[in-house]
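Chains: A, B and C, in written order; residue numbering restarts at 1 for each.
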Amino acid sequence: MRYPKRIGRLSVPRRKVQLATAAMLLATTMAACGQDDGASAPKAPAAIPELTKDPLTLSFIWFEWPPAQALEAFANAEYKKERPNVTVKVKTVPNANWHDAMFTQFAAHKTDFDIAILDSQHIGEAVTNGNILDLTDFVKKNIDVKAYNPYLLAAYGQFPQAETGKRDENASLYGLPLLGDTWTMIYRKDLIGDKPPQTWDEMISAAEKCQSENPGVSGLAFHQANGSDAAAVTYNTVNGVYGGNLWDAKSRKIEGVLNDAAGQEAMDVLVNKMKPLTAKGSGNWFIDEVNAAVAQGKACIAFNWIAASGGLLDPKESTLGATREEILGKLGFATLPTQKTNLVPLGGMGMHVSAYSAEANQAEALNFMKWFEQADVQKKWAAAGGVPSRTDALQSPEFLNAGPFNKVYADSVPRMRDMWNVPEYARLVDIENTNVNAALNGAKKPKDALDDIAKEQQRVLDSSGGKGGGGL
Amino acid sequence: MSDPVPLTTDHPGQVASATPPAPGGSRRLSDRWLAVAFISPALLLLLAMSVFPLLWALYLSFTDYSATRGGAAHFVWFENYTAILTSAQVHLRALTTLIYVVGAVVLQTVLGFTIAYLISRRTHGRGLLTTLFLVPMMLSPVVVGLFWRFMLDAQFGVINSMLGSLGLEQVEWLTRQRTALFSLIVVDTWQWTPFIMLIALAGLTAVPKYLYEAASIDRASEWFRFRTITLPLVWPLLLIAVLFRAIEAFRLFDLVYILTSGGPGVSTETLSFHVYKVAFLGFNTGTASAYGILMVLIVIVLTQLYLRYLNKLKED
Amino acid sequence: MAISVDEAVSTGPARDHTPPARRFGGRGRAVLEVALLAVLAVVMLFPVLWMIETSIKENRDVYAIPAKFFGFKVTLDHFKDVFVASGGGRSALSAAFLNSVVVAGVSTALATVLGVPAAWAYSRFSVKAKKDQLFFILSTRFMPPVVVVIPIFLMYRQVGLIDNKLGLILIYTAFNVPFTIWMMKGFVDEVPAEYEDAAMLDGYTRLQAFWRFTLPLLLPGIAATAVFALIFSWNEFVFAIFLTSSDSVRTAPPAIAGLIGGTTVDWGLVAAASIVFALPVLVFAYLVRKHLVAGVTLGAVRR
């Protein structure tokens, strides 16, 4: 060292290190122990509190897709008429980051949004952790629940989860519907004919025939990616159509239920009959890739969320025609084919009030929701490109004429089925996503994949705290 | 190894300063004060932002704490650790990570050294060449990941388009078990070959010319010269670069997140990616902390190795 | 001396030796080597060229099969879209770029202010357990970000730094300080301590000597170090995506990643945004080309 003599010792930094370390260890323990919050959702008032007259920004959080922009534009145009001092901002994050972005903020007990737009399956996690307001009393007083298909109302708000097709009127509600959604079948009228296939078997053989007759066009396009809930929804859909069940909600059983004979058949159909009809390398496709394949004329039959299909009619993005009409001459939209059952996946999202946003904002959020669920506003939302949930709005010409797929949605409403809505949802869907994705891409045998899903999901449901190594 | 032009890092000037003027007492005090004043702010920041979080993670790693579920943390002691170390899921990720790290580092070392060697043998245009080669290294992993994802797309990607023009089969780059991991290695190699090249070039240009001249007189074969002169002189530097890359590759997260998000299935899930899932999907903070601490231990071992070689290099 | 590209390629003891009696035709071999180098250069640079091409193509050409290398219609629309929102006004991307400038700039400044004096002190004084301290400092820089982000998240939640620019600035500073110390220590080592000794004999205090005589000599090194810190903060993704979510805080890397995963992917826009994002880094990297080797190894390898 350079100046050994000049400076005898310089131990101060080290001593400081030790002191600081000790202090911080202490702080750590205290901080971690102070994190105790009796987790249960706080209640929203039954009546909307007095609203502020000061300028206020009402923030939503959603993921980046066209309905997000549609909502912001719609709300700022229409809600402002009623509340001129309020500006609506819909914050968006990448789809892959959506769950993480909301729940890390919930975990931080500080949110930069007032209304979280949660997937129905996120409700369990948010309610159990006390992240969103209990709206039961508010709904009783302010919302005309009879105007809705009961299951639709329950799907985006009820916890514990509603039984498929029903609503439990004694259960609490934590959200209200914002945007309804389900899968639509998109088919090439010019290639397979005007009449859509009616059964799943017909659909597969139509795709097969179309693929062999049109080189360069693949028979099918659907979600296969291992992110978000892509591959999982695909399997769940086929599982439903073939009469399978995802779980037995009452006894919390997945093992033996998901992978029963019907479940195995669904997996076999998906991997051995449907996958061979998809484009090479489509194993990581999600919404945008399926849309691109359709727009580029590369798929005979495709499945996608209705709310994400609007771009298909945009001539700028499409090679199918120079005008919307020309494209519609080639593209047909239909409800999903049926097989053993007529079930379709429930999509869409509800509005949920953050427990951590300021009181004035929570009041405004409640007021917005009350306003939004009125019949005429729902019709305007439909005309603006949204998918309403009130039955009157769903059957209104404003909605049915706004897009070729809207009738598909209206027809699908009584046929919907959701996934598990439990606090462990994120883990469950990841297990299913990765395994279905593995099966689709030849990394696992279909049967093994399904058995692994059932086994691992069961383990997640069964292990609730107290043990180390959770989440592996 | 007799090396008259040492690759040392420290300035030779410091030898000359071995006899400083005798210091007075007050100056010694002020020097000490100065050192403390200058060093402690930086150390305090590191303590607050690196050590403290790690100690917190260490504490949490012995509990079943969850960042979202709230509630008190219960001590489970070593259960998280034993669960991780015995988990087949983790073993699988460790193997994937190992293949990835070894594959990427070996490939980029071979390529990087080759390019450096070829450049060092040119007399013209070397500045331009080197500069151009360095571009990939400067890009953000996000940009690299996104763009390669586009290029490797089986349907619309330019790579398959070129293969098609050559009459070759389309390859599913990102959706088959083997090719996905391979693609990850290729993309990392594309980005970091310039790094190895840069350091190898530094080593190669430092090999004194007369050693080669002497060898020429001896009529030593090209390979012999390479093996006995070039390689031994460049090797220590190259080793540093390799270890450095190994640490970086071990930590890698962004590229996986963007290019494959771990797929198909979990076949490109590295340890970093897995720990993210444990931490942010299920919010199993306790388990994730234990997982993280184990990864930190590995990094510390690698860093130790790295520093040992670095010191050796300096002392030579 | 730190290696420089210019130096490495021109003044170094170049191997333009013309040894006698080449075994298999010196010229043939040279041609082979040049050809190999050319192929490697094309392979390495192709993705960059392709990115540039994609950014100036119209969307229908982007998806064309077989890929169009030439003869497409050139458009600058994608570059416009990077800065201007589709309905007019500033785009979310341009706001993210601005956030990146603030976060990267402030964290670099902080790292420099904290790191340079520490580096000088480590270089000049014999600090107890100096090697251990320096090792500790370096190893904090090697921590896997995905691991660090877990406790940092918990910590920030206590103090309200989640989704806050200050939070990002602090963590980037913490990652840049070790780098700054290691890199700058090398530069300080190169400045003879006699300068300060002489100044002190003239009656200056050590602090004055550092400030007046050493620091000016260090300025080029500080600039180079700062540039590398800037590049790190500019490119960083992991902390950015986990610690921020709102448009007013989010930096460019997560914003660019967010361009895919909607309902359609505009690869032209992705390419244009990537180019706009990469340009400052390339310019800066060119400016510090003399210190590249040191810079990319945290100042550890300086030759």
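We adopt the following convention: contacts are C-beta pairs under 8 Å (C-beta built on N, C-alpha and C of every residue); 3 or more make two chains touch, one makes a residue touch a chain.
In this text, all values refer to a predicted model and were calculated from it rather than measured experimentally.
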| item | value |
| --- | --- |
| Farthest chain (mean CA position) relative to chain C | A |
| Pair of chains joined by more contacts [C-beta pairs], A-B or B-C | B-C |
| Mean-CA-position distance for chain B and chain A (Å) | 37 |
| Where chain B and chain C are represented by their mean Cα positions, the distance between them in whole Å | 15 |
| Residue numbers of chain A (touch at least two other chains) | 2-3, 6-7, 10, 13, 31-32, 96, 100, 104, 107, 227, 292, 296 |
| Overlap residues in chain C, where contacts from two or more other chains coincide | 63, 124-125, 127, 133, 153-154, 157, 193, 242, 254, 257, 260 |
| Contacts with two or more other chains, residues of chain B listed in rising order | 14, 17, 20, 27, 31-32, 35, 39, 43, 48, 51-52, 56, 60, 67, 155-156, 280, 288 |
| In the complex with chain B, residue positions of chain C that touch it | 3, 5-10, 12-17, 19-21, 23, 33-34, 36-37, 40-41, 44-45, 47-48, 50-51, 54, 62-63, 65-67, 114-115, 117-118, 120-122, 124-125, 127, 133, 135-140, 142-155, 157, 170-171, 173-174, 177-178, 181, 186, 189-194, 197, 200-201, 205-207, 231, 234-235, 237-238, 242, 253-254, 256-257, 259-260, 267, 270-271, 274, 277-278, 281-282, 285-286, 289, 292-293, 296-297, 300-303 |
| Chain C-facing residues of chain A, complex | 1-4, 6-7, 9-11, 13-14, 31-32, 61, 63-66, 91-97, 100-101, 104-105, 107-110, 112, 227, 286-289, 291-292, 295-296, 308-311, 316-317, 319 |
| Chain C partner contacts - residues on chain B that touch it in the complex | 7, 9-11, 13-14, 16-17, 20-21, 27, 30-32, 34-35, 37-39, 41-43, 45-46, 48-54, 56-57, 60, 67, 111, 114-115, 118-123, 126-127, 129-143, 146-151, 155-156, 158, 161-162, 164-165, 190, 193-195, 198-199, 201-209, 212-213, 216, 219, 221-222, 237, 240-241, 244, 247, 250-251, 253-254, 258, 272-273, 275-276, 279-280, 285, 288-289, 291-293, 295-296, 299-300, 302-304, 306-307, 310, 313 |
| Touching residues on chain C, where the partner in the complex is chain A | 59-60, 63, 123-130, 133, 153-154, 156-158, 160, 162-163, 193, 241-242, 245-247, 254, 257-258, 260-265 |
| In the complex with chain A, residue positions of chain B that touch it | 14, 17-18, 20, 23, 27-28, 31-32, 35-36, 39-40, 43-44, 47-48, 51-52, 55-56, 59-60, 63-65, 67-74, 76-84, 87, 89-90, 153-156, 160, 170, 172-177, 260-267, 277-278, 280-284, 286-288, 290 |
